[in-house]
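Both complexes below contain chain A, partnered by chain B and then by chain C.
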Partner chain A sequence: MKIEFRIKRYNPDDGGSPEPYLQAYMVDVTEGMTVLEALLKISEEQDPTLAFRKSCRSAICGSCAMTVNGTARLTCNLQVLPEVEKMGSMTIEPLHNHRPVKDLVVDMTPFWNKIEKISPYLMPSSTSGSNAVTAEAEELIDQSQRCVMCGVCNAECSSLEIDERYAAPAALAKAWRFVGDVRDGSVVKRLERLSEEHGMWDCVRCVRCTQYCPKGVSPLKQIERLRSEAMKAGILDNHGAKHVEAMAGSVEKFGRLDEAAMTFKTLGFLKSLGKIPLGIRMELHGKMPHPYIVAQIEAIEEVREIYKEAGKKAGLKEKKKE
Partner chain B sequence: MLLVFHDCIVIGAGLAGMRAAIEAARSGLDVAVVTKIYPVRSHSVAAQGGINAALGKTDSWEAHMFDTVKGSDYLGDQDAIEVMCRQAPSDILELEKMGAVFSRSAEGMIAQRPFGGAGYPRTCYLADRTGHGMLHVMYEQLLKHGIFIYDEWHVLKLVVEDGEVRGVVALELDTGKLHRLHSKAVIVATGGYGRVYRTTTNALSSTGDGMGLALDAGLPLMDMEFVQFHPTVLPRTGILMTEGARGEGGFLLNSKGERFMEKYAPSVKELASRDVVSRAEQTEIEEGRGVDGCVLLDLRHLGAEKIKSRLSQIRGLAMDFAGVDPVVSPVPVKPGAHYSMGGIAVDKDGQTALPGLFAAGESACVSVHGANRLGGNSLLETIVFGRRAGASVARYCEATEAKPFPDSALKDACHSVAMVLKRSGGESIYAIRKEMNDAMEDFCGIFRNSVRLKKGYEKIRELRERYKKAALTDKSECFNNELLGYFELGQMLDISECILLGAMNREESRGSHSRTDFPKRDDEKWLRHTLVYKENGEFRLDYRNVSITKFKPQERKY
Partner chain C sequence: MVKELKYAYYPGCVSQHMTKEANDTTRKVASILGIGLHDMPKASCCGAGLLTDYDYPLYLAINARIFAEAESMGMDILTICSTCLMVMSTANRDLLADPKLLAETNEVLAKAGLRYNGTIKIKQLLWVLASDYGLDNLKKKVVKPLSWLKAAPFYGCHSLRPSDALGFDDPDKPRSLDALIEALGAESVDFRGKARCCGFQVDIVAEQTALNMTGRRLLEGKEQGANCFVTPCPFCHVNLDNYQGLAEKAVGEKIQMPIFHLSQLVGLSLGMSPAELGLGRHLVSPEKILEGC
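What follows is the complex of A and B.
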């Protein structure tokens, strides 16, 4: 069956400042053929100048991630025919959030730098190194260990899109692989560094990383685990942790969120002043939550009962005292 | 056009290369790895089943050694095999210390599964992603040790002057520029050449580059006729279904629903060594008891839970690439080229005959696998001999002064790249590659004979001539995949000729080398290693004795 592939082309060698453009190729697609196989067929039979990365072609080396029909995917385990049936077309572009080098090849250097920045290796203490990783302990880091570093999560990440310095989901999932490892002896230090600016608290929980990860790593879940461990470790002097505390406090007090107060509690008084222009714009659009009327819900006692049961708030306070 | 000095350059960043680099860096050397793909992309990542070590209370390194010697059909060098089997347990524990996580038994010990040709369950694993787990740990250690990574650089030439290695010339794929990496020592760890075959489990990048570089530097390749065909490979794509599937209890069935291995290996059946199982499958298929050119790998009786926990990756692969869920139906599989027992001839410390040049892993031939490798021994080889090569480079560098990098080396490499890019109107490299794949698959596959081998040999000779006139469409400097493909093809054609020459000359059947015209093993004539040299563009054969220490050759039965 003939399928039209529309492929984003770009070659910096094309003189001046070349603009990317879409080029169409007709490919004879057979049952079961993957997008990567189709790309290989194009480069071998029609256009050897087409550049893309590939290696294992069995979804374990992580080389061949690209944007297919708008979202980042591994091309080696994505079959052409079902995809075309579902989406109606086949458009292939380089990964988002990464600088194109040539055609479908992107610059992965920032990706590797982010990985390197989290000290991605086991740092056992003098005693912890000999702890055996039991099946239960392995279970905790199992998802994060499945990562193939393809870059799909970072390409889909909403926070990375607006802040290139953000640690981003791949490195954060990798960070959990060590924080969650019973043998690691530098957990608190790791969590402190991850709690800094451009770190784990900058995730906006859009869930795209988890939605598109081809290996079931669930980066968002690992980020949440990191955040929870950091708070348990008493690393609370940062916007992220303060935000969580403010939210939990507000719900315990009123049974609902006191949205206006969240800004003060998260940023502090001085920094909140900087948000006044935003507040005015929000007010003009009728989006400003009213800071002075936060009615306590009727069944507040039931909410507090839940807090007591979960013991979360209490647990937090204890940690703080330590 | 950089000129950079490091004490040691490692070509290839798979398990063997990175393990060697780490060991060399630990002894204080300035080490860099040069790799045409980023380290975690290396094909070690795809190893599924596991890594062997005699850890069990009732197991022993001697038993492991015997199984390996027997598996090798007595062609493995027993002194080297002894080193590997003795050191296996401590290297596994070292891996754990680095951060590797192995699957555990209910008692909390490192779990071990049965594998083909092994008399004891001694294969350690991380589910069916053992290579992936190990490669990522090795990459972590590479970063920890601050080893410099020249990623997406392809080595074009080993630079040799006055009978010593002086470094390499490499092509930076990103820019198309050639650079000089000057060093005291070079370690080749570029893996296998599976891509010379049509059906292979190997990555698109497994093109045997380092073996070709060594040939060009005047070094011999050893035992190249021994090519392992893995028994359980998905048709069309060649994607691997781990031996662990049979280790966990999977059956192989023919079209009549019979467990045909009962006939070929009555005592161990599906867990005979790989050469035996692949030949059995091929026989079933050729005698008309196949299913569309395949046999069936049946896992259904293992139950959904076991398949999902222990074999989850291959379940995903079977679903994505064959449209079959092994929980509900058997998976069609056939034999496919998987592993090179042969490679650059080295000693137990990874040293080649050329001072300063070392090799480890699949691109080397120690030889610990002889005529047939046992499953679980290749990952083991990478870490034991990778470590040893790194340590021996440290000793070498200690005793050696750096000597100047010859000017001519870069000029020669620049000239050859310019010539290729300038040529126009020639044949496509992909057309030549396809004919090479067909020739190797059809004439130098599982069952061989002199007629087929001769046909294959003549075909490869013809292709080598045509290759000299091939031309590229892509003339750009940035990320020119076609140019990379051109160099890879040149190495693969040389390697193909070595395989065919060794196979034509070896008039016996041993391990993976099975001659229908010489069906018996012939120890008197052929209990020796083949060496192939390249001299002035032509190949020459030589032979070397096998080291036999503990186990006298006997008939091999499973």
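What follows is the complex of A and C.
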């Protein structure tokens, strides 16, 4: 079956057309053919100048991630025909959120810098005597170990699209690999660094990383684990942790979200003053939530019992006081 | 003959205060369409994702308590908040996938004299209209087709992802909101940002990221010729409408895009007045665009 491939071409060294453009290729696609196989076919039979990365063809090396019909995918485990049937077309571009180098090849340097920044190696404690890792302890970091560093999650990350300094999902999932490892001796130091600006609290929870990760790493889940762990370690002096504490407190107290108190408790009094102009506009439209007058839900004592019991199990309250 | 539809109604915290107009309109629309909404007076906040960060077992138990109330009512949950939808559906997915986790969560619930048996589903208004009620039935109720509207469907992240917990629409190519807009007689405008993020979760934590994201989404719709946005999520509404002025400053462009809640768009086509829809509560006035009707 003949399928039209529309491929983003870009060659900064080409004096004639340095601007990216789409080029169409007709490819004879057979059943089961992957997008990567089709690219190889184009390269071998039609256009040897087409640049793209690939290696293992088995979804293990992570080299061949590209944007297919708008979302980042590993091209070696995506079949052409079902994709075309679903999306109605076949457009291939380089990964988003990365600088194109040539055609479908992007510069991965910022990606690796972010990984490097989380110290992606075990730092065992000098005092710990035992290195035993139980099956249960391994299970906690199992998902994060499946990462093949393909860059799909970062390419799909909504926060990274806005803020290039953001740590982004790949490095954060990798950070959990070490924070969650019972042998690591620098957990608190790691969590403190991750709690800094442009760190783990800047995730917008758009769930794109988890949706599109080809290896089931579920970066968002690992970010949630990092956040829980940081709070349990008492790293609370940042907007992200304060925001979560305000929410947890509000639900325990009222059973509901106290919208206005969220801002005050997260930002503190002084920074909340900056919200006054918007607050006045909202008040004029009847939209301004008033703090601390939220009506309690019925049977709030059930919620408090649950907090007490869950708190006991997690050692939540005790640890925080330390 | 439409079968009787009734749901345990979970408007979510934000639509009980800041976006009250979404809750009020939903109740009126449901009453016109004959959809039964039954209040859940005991239901707490789902945690909006933040409780998940705080402590995962606590998050599961708080949500299981909400499900237990719906179970005792014998109804599935209908919410008008995409974040509640995602947060509750994810908890339900995890609880149903792992009997051990459900048992542990029930141990916590037992302290409050409660139990969740794992029998309920969580739906949002968009799904109920598109599927349980049916667009053909909805079309029959339209008294004022919205032919002058070019509406950008803003699905919001939490209506679509993670699809293994939600699974109603395809996050790669969502159609349900487009189809609903078309059923009401309006034109649905395809644009890059339709399945992308408004930034709400970091409004307070990383304001500039949030405002730039909101601004970008609005511009993406505007550039494709939309004269309004419609969203099934009140959090998206807060960013797209309340924060639009600040987002304009962040991206350095005037946008002036009216934003409708899903229920308001339906209500408009059912003949409800702007006052009944609570449109005066919006910070970006939809007045101009309603002149054409």
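Simple rule for what comes next: the second predicted complex is superposed on the first by the 292 of 322 C-alpha atoms of A that agree within 3 Å, B and C clash if a C-alpha of one lies under 4 Å from a C-alpha of the other, contacts with A are read in each partner's own complex, and residues count from 1 in each chain.
Just so it is clear, contacts are C-beta pairs under 8 Å (C-beta built on N, C-alpha and C of every residue); 3 or more make two chains touch, one makes a residue touch a chain.
As the structure is a computational prediction, the values presented were derived from the model and not from experiment.
Undergrad: Do chain B and chain C fit side by side on chain A in the superposed arrangement, or is it a clash?
TA: fit
Undergrad: Of chain B and chain C, which one touches more residues of chain A?
TA: Greater contact footprint in residues on chain A: C.
Undergrad: With the two structures laid over each other on chain A, which partner does A:63 touch: chain B (first), chain C (second), both, or neither?
TA: The answer is first: A:63 touches chain B but not chain C.
Undergrad: Which partner does A:117 contact after superposing on A: first (chain B), second (chain C), both, neither?
TA: The answer is neither, since A:117 touches no partner chain.
Undergrad: For A:86, is the partner it touches chain B (first), chain C (second), both, or none of the two (neither)?
TA: A:86 sits against chain C, while chain B stays out of touch.
Undergrad: By the touch definition at the top of the document, which applies to A:148: first (chain B), second (chain C), both, or neither?
TA: After superposing on A, A:148 lies in contact with chain B but is clear of chain C.
Undergrad: Taking the superposition as given, does A:193 touch the first partner, chain B, the second, chain C, both, or neither?
TA: Neither: A:193 stays clear of chain B and chain C.
Undergrad: Name the contact category of A:256: first (chain B only), second (chain C only), both, or neither.
TA: Once the two structures are laid over each other on A, A:256 reaches chain C alone.
Undergrad: Put simply, what angle do chain B and chain C open at chain A, by C-alpha centres, to the nearest 10°?
TA: 140
Undergrad: Scan A:307 for contacts with chain B and chain C and give back first, second, both or neither.
TA: Once the two structures are laid over each other on A, A:307 reaches chain C alone.
Undergrad: State whether A:8 touches chain B only (first), chain C only (second), both chains, or neither.
TA: The answer is neither, since A:8 touches no partner chain.
Undergrad: On the A-aligned overlay, A:102 touches which partner chain: chain B = first, chain C = second, or both, or neither?
TA: first
Undergrad: Across all Cα pairs of chain B and chain C, what is the smallest distance in the superposition, given in whole Å?
TA: Minimum over all C-alpha pairs of chain B and chain C: 16 Å.
Undergrad: Under the contact rule defined above, give the chain A residues that sit at the interface with chain B and also at the interface with chain C.
TA: Common interface on chain A, chain B vs chain C: nothing in common.
Undergrad: Quick check on the complex: what are the chain B residues that touch chain A?
TA: For this pair, the touching residues of chain B are 37-38, 40-43, 45-46, 97-99, 101, 103-104, 108, 126, 129, 132-133, 136, 140-141, 143-144, 174, 203-205, 236-237, 239-240, 313, 316-317, 320-323, 428, 430, 472-474, 476-482.
Undergrad: In their complex, what parts of chain A are in touch with chain C?
TA: 69-71, 86-87, 158-159, 161-163, 166, 197, 201-208, 210-211, 224-225, 227-228, 231, 239-240, 243-245, 247-248, 250-251, 255-257, 259, 262-263, 266-267, 278, 281-282, 285-287, 289, 294, 297-303, 305-311, 313-314, 316
Undergrad: What part of chain A is in contact with chain B in the complex they form?
TA: So the residues of chain A touching chain B come out as 11-13, 32, 34, 40, 43-45, 47-63, 77, 79, 101-103, 105, 108, 112, 116, 120-122, 124, 129, 132-135, 138, 141, 145-149, 181, 183.
Undergrad: Provide the residue numbers of chain C that touch chain A in the complex, in ascending order.
TA: 13-14, 16-20, 41-45, 47-58, 61-62, 65, 86, 107-109, 111-114, 157-158, 161-163, 170-173, 192, 196-197, 199-202, 204-206, 208-210, 212-213, 216, 242-243, 245-246, 280-283
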